[in-house]
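Shared between the two complexes below is subunit A, which has subunit B as its partner in the first and subunit C in the second.
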Partner chain A sequence: MTSGITRRVRVLLWAARAGAADHSAVFTWKTWLFGWFVRMLAQVLFFATAGNLLGPGQARYLLVGNAVLMVALHGLFATASTTWELENGTLPLLVASPSSPSLVLTGRSLFWLPDGVACGLGAFLLLGPVVHLPIGLSAVALVTCLLVLVGLTTYALGLFLGSLVLTATDLRNVVSNAALVVMMALSGVEVPASAVGPVLGRIGAALPLTHGLLAIRRVLDGRGGGQVALLAAQEALVGACWLAAAVAVLTLRARRSRRDGAALFLT
Partner chain B sequence: MPALSGNQLAVETHDLRREYRARRGAGVTALDGVSIEVAQGEVHGLLGPNGAGKTTLMKILSTVLLPTAGSGRVLGHDLATEYRRIRPLLGIVFGGERGVYPRLTARQNLRYWAALYGLSTAAGRSRTEELLDEFGLAERAGDRVETYSVGMRQRLHLARGMVADPRVLLLDEPTNGLDPLAARQLRELIGRLAGEGRTVLLATHDLDEAELLCDRVTMINNGRVVAAEAPKTLARLLSRQERIRVRADPALLDQVRALPEVTEVAAADDGAAVVSVGSQEAVGRVLAFVVAAGVTEVRTELPNLEEVYLRLVHRNDERSVVAR
Partner chain C sequence: MSLLAAAGRFQGQLVLTHRDYLIDLVRTPLLAAVFLLLVRHSGQPQLIAYGLVAPVLMAVWSMAMLISGEVVDSDRQLGTLELVIAAPVDFARLVVSRVWVTTTISLLTVVEVFAVSVLGFGITPEVDHPVVLVLGLLATAAATAGAAGLMAALFVATRTARTFQNTLSYPFLLLGGVFVPLDRLPAWTHPLGRLIYLSWSADLLRAALAPAPVAGAAWRICVILGLGLLAALVGRLVLGRVVRMVRETGTVGLR
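Let's look at the complex of A and B:
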């Protein structure tokens, strides 16, 4: 038997591997590159083009917002893929194993992270020149790190939503789409967060993506590192809160399911 | 497998009761005071028709469900409070196609479950190869499970249940949906695992399977224990020498049929006749009659487990109706 942390990391990695196998069954590299990736670029380009019609600077604003939104979109896919475990019929066995099912479910959808970051970064690098957005090498490195951060924080939200709809699988896409639209409206993707008023602004501040996106905008504007670091820390804090909420809900559901025989882990 | 100790029971339950709340209307009682005892190293069958409560009992024993009332222990650990101690000691195999990751290979599945059961990387690797060999999956170990036949998947299920070398193996209808050949192969594997001194609790509605594999069986119907004995003892309990197999001409069989003690004369597959007698006391009189008529090929026999099962379940159903 191995130490607790090593064991948990290994379980997490194996869960991620199981998820990645599901992903590879959906996409080959060709269908991903020429289908999925192009579709993501087209969406970003659509908003950037619309921005061109709105006035100077708007195309760039919308391109940045929607490129980062692609990362968030992949993070929210965790809502749906969390329920795949239920479809495999492995949940009761996971619950009956000595490991935590929450840990497995946390790792289960991690494969979306590199997919999302690749789409977001690809949008910056390939479509940036269209809106005259020059990105230096150091900015690329920093933006990549921030995209990973946004991927992780939105993943935490996706996991939370997935834990809520774990047994209501018909709701999984409705819930993640609703969350994405709310983030589009409140997180500064299409309009600045300050434009939605103080109440909605506060809600936006509690969502992942908001601070991370602002940090990326600051990097691209060439602003100081201190401000970027503060925004990144805020983004990380928001993500940690959502992750804690997700784990709490999963643990609670597992406990409740054991007591009342709810369908959760017993189908 | 860790060494077995003392005379401690592997599994014991006392008056287990499990109710499911229905959203509308009355709740459902899946288990209604089930008490069982399974000794270490025993292969114990849980027999019963669909909906009898076997799977609910298996879920409670596998620690994913709490009983509404009553108590239970696995290897001395309380099911309700010490489930964390029980989990590493159990191997669980559910029947059907679900329960493994279809897009992973068999090797990856076993390595994954080895990690879940806390085996180190090296131990997980060697245990995986061992199991792949033992369960006849080595040749296709690198193929995705979704390409496997149902029989291969079920062998993988069994291998997965064995990954942590459990002391107690819970098998819930493991041959469900298998063709006869695959079912036989799986039964041979289960027999081999039981031969290693492991405790096996086998829920099934396949009576031949129970008769073949089990040291003892507990019959459950409507959430209650109907009987718990060795398969052969059960048959004796129910009707010692109630049946007489006789090879005689049709005229004599008509005379036998007319005897007041005889309840039924049925044709057997081998051309003989099976005479059912109303009571044990009457057997001697019927035997004397056929021997006196010059019949030399005659023997008494025990009912098989299927007949016992049907009679016990039928009796239990009748009692339930009367009780209502």
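Let's look at the complex of A and C:
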């Protein structure tokens, strides 16, 4: 039992390490800092300045929402990087290997998480003063934990979407970008859930990010405690459901592929 | 003319069969909904024009950078670059023709945003200055094609530019004032922002949707066209140098 878990954790870590190699092939620290990170900050600033136009308090609301959205954006990159296995030609090898392909695919995109948390936290710390958002040390620690949670839950959604477009690789960016903009509208990033009506609000509640973002807003308003813990638990539950759905789809597709010999997730 | 038709047919097929290239046609209606939600929530109906113009300009710019910028690079990946460069046709003309097709397709987002506004929010946009709007959109398309041509050339001339392809979105959209007018940003950003044609386009298109008379429409259109032309000329120069170099050194497939 223990050795089984150890083996699975080892597979997960190796998959994460392989994914991290992809990341370092794409970015150097210079291109990340002066290209990628600046682009992320610009997106947060874009919406924060829009808030100045829209009315009092809006700039702060939009800065917080869009800073957290940067973490979700990275989580959803799992959709694209999950399909890289097919492009790299390694998917048949994964299906043929005795390890679970779904386990490998679950771990292979984890490298986006530290990237996303760094961008989200960086946006808070560097752009917070622009909208007079004071963040104390204890709030920073709590917000960081919640950003990691949002990263994990949106990663689960990204993985689920990746499992659906695993063999339709040219849809990967379309699907993940559409999901991100839907989250912008329904997860309380740009407007509160009450502004989109009850039906769309309920859809928003089933998406990752919604409860996590609300928890972060509570922390920044100085209202910590039980309510934040409850929201974090709801966020974790939503993420767990999406992860279960992702693993189920990946396992199903791998099993079908092995059974009919396609071994490429082509069916 | 036959060159334009052939290039157009090829690029059109490329865009429509490579589904990732349709990303902005899928994303723009959703983004329009986000911007209109923001405006509705703010209770400032005078900002509706801002919510309509922003998603269109974002899509036009995005498609220019992502698709048109990759025109030459995609030839390299498809293995057709050597054949195209060896052909007797002027390479830059071919690139410009293909860039135009993508830019024209990106203008479909105007219809999408209009549909979201009417069907999703019950807002029928009032176009107070239709001639200015149409001319502004055409000038914006022309300038976009020029900027895209420059990007296509830079992506081939230097691999570093390709690395920064994804970063060319929001910094330019912010400085280009596509939602918040440049005048509302700090003064130090104005000289830089006014070099980006988007800032002139955004101001003009918003003005075309407002009841007040549009001041200096003609020269503002000229500025948009001038900035686009400047980018196109630099792009042509860079592309010409790159093609001459790879022909002379025989490194067309290697660069």
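Here is the rule we use: the second predicted complex is superposed on the first by the 256 of 267 C-alpha atoms of A that agree within 3 Å, B and C clash if a C-alpha of one lies under 4 Å from a C-alpha of the other, contacts with A are read in each partner's own complex, and residues count from 1 in each chain.
Just so it is clear, a contact is a pair of C-beta atoms (placed from the backbone, for glycine too) under 8 Å apart; a residue touches a chain by one contact, two chains touch by 3 or more.
Here the structure is a predicted model, which means the values were calculated and not measured.
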| item | value |
| --- | --- |
| Combined model on subunit A where subunit B meets subunit C, clash or fit | fit |
| Partner chain in contact with A:137 - subunit B first, subunit C second, else both or neither | neither |
| First, second, both or neither for A:93, with subunit B first and subunit C second | first |
| Contacts of A:46 with subunit B and subunit C, given as first, second, both or neither | second |
| First, second, both or neither for A:182, with subunit B first and subunit C second | second |
| Which of subunit B and subunit C A:5 touches, first, second, both or neither | neither |
| Subunit B versus subunit C as contact partner of A:199, first or second or both or neither | neither |
| Partner chain in contact with A:17 - subunit B first, subunit C second, else both or neither | first |
| Angle at the Cα centre of subunit A, taken between the Cα centres of subunit B and subunit C once the superposition is applied, in steps of 10 degrees | 90 |
| Least Cα gap, in Å, left between subunit B and subunit C after the two complexes are fitted on chain A | 16 |
| Overlapping contact positions on subunit A, where the subunit C interface meets the subunit B interface | none |
| Of all residues in subunit C, those that touch subunit A in their complex | 18-20, 22-23, 26-27, 30-31, 33-34, 37-44, 47, 50, 163-164, 166-167, 169-171, 173-174, 179-180, 184-185 |
| For the subunit B and subunit A complex, residues of the former touching the latter | 18, 20-21, 59, 62-66, 84, 87-88, 90, 92, 94, 96-104, 108, 111-113, 115-121, 144, 160 |
| List of subunit A residues in touch with subunit B within their complex | 1-2, 7, 10-11, 14-15, 17-18, 21-22, 24-25, 88-90, 92-99, 104, 257-261, 265-266 |
| Touching residues (chain side subunit A, partner subunit C) in the complex | 31, 35-36, 38-39, 42-43, 45-46, 49-50, 52-55, 58, 168, 170-174, 177-178, 181-182, 184-185, 190-192, 195-196 |
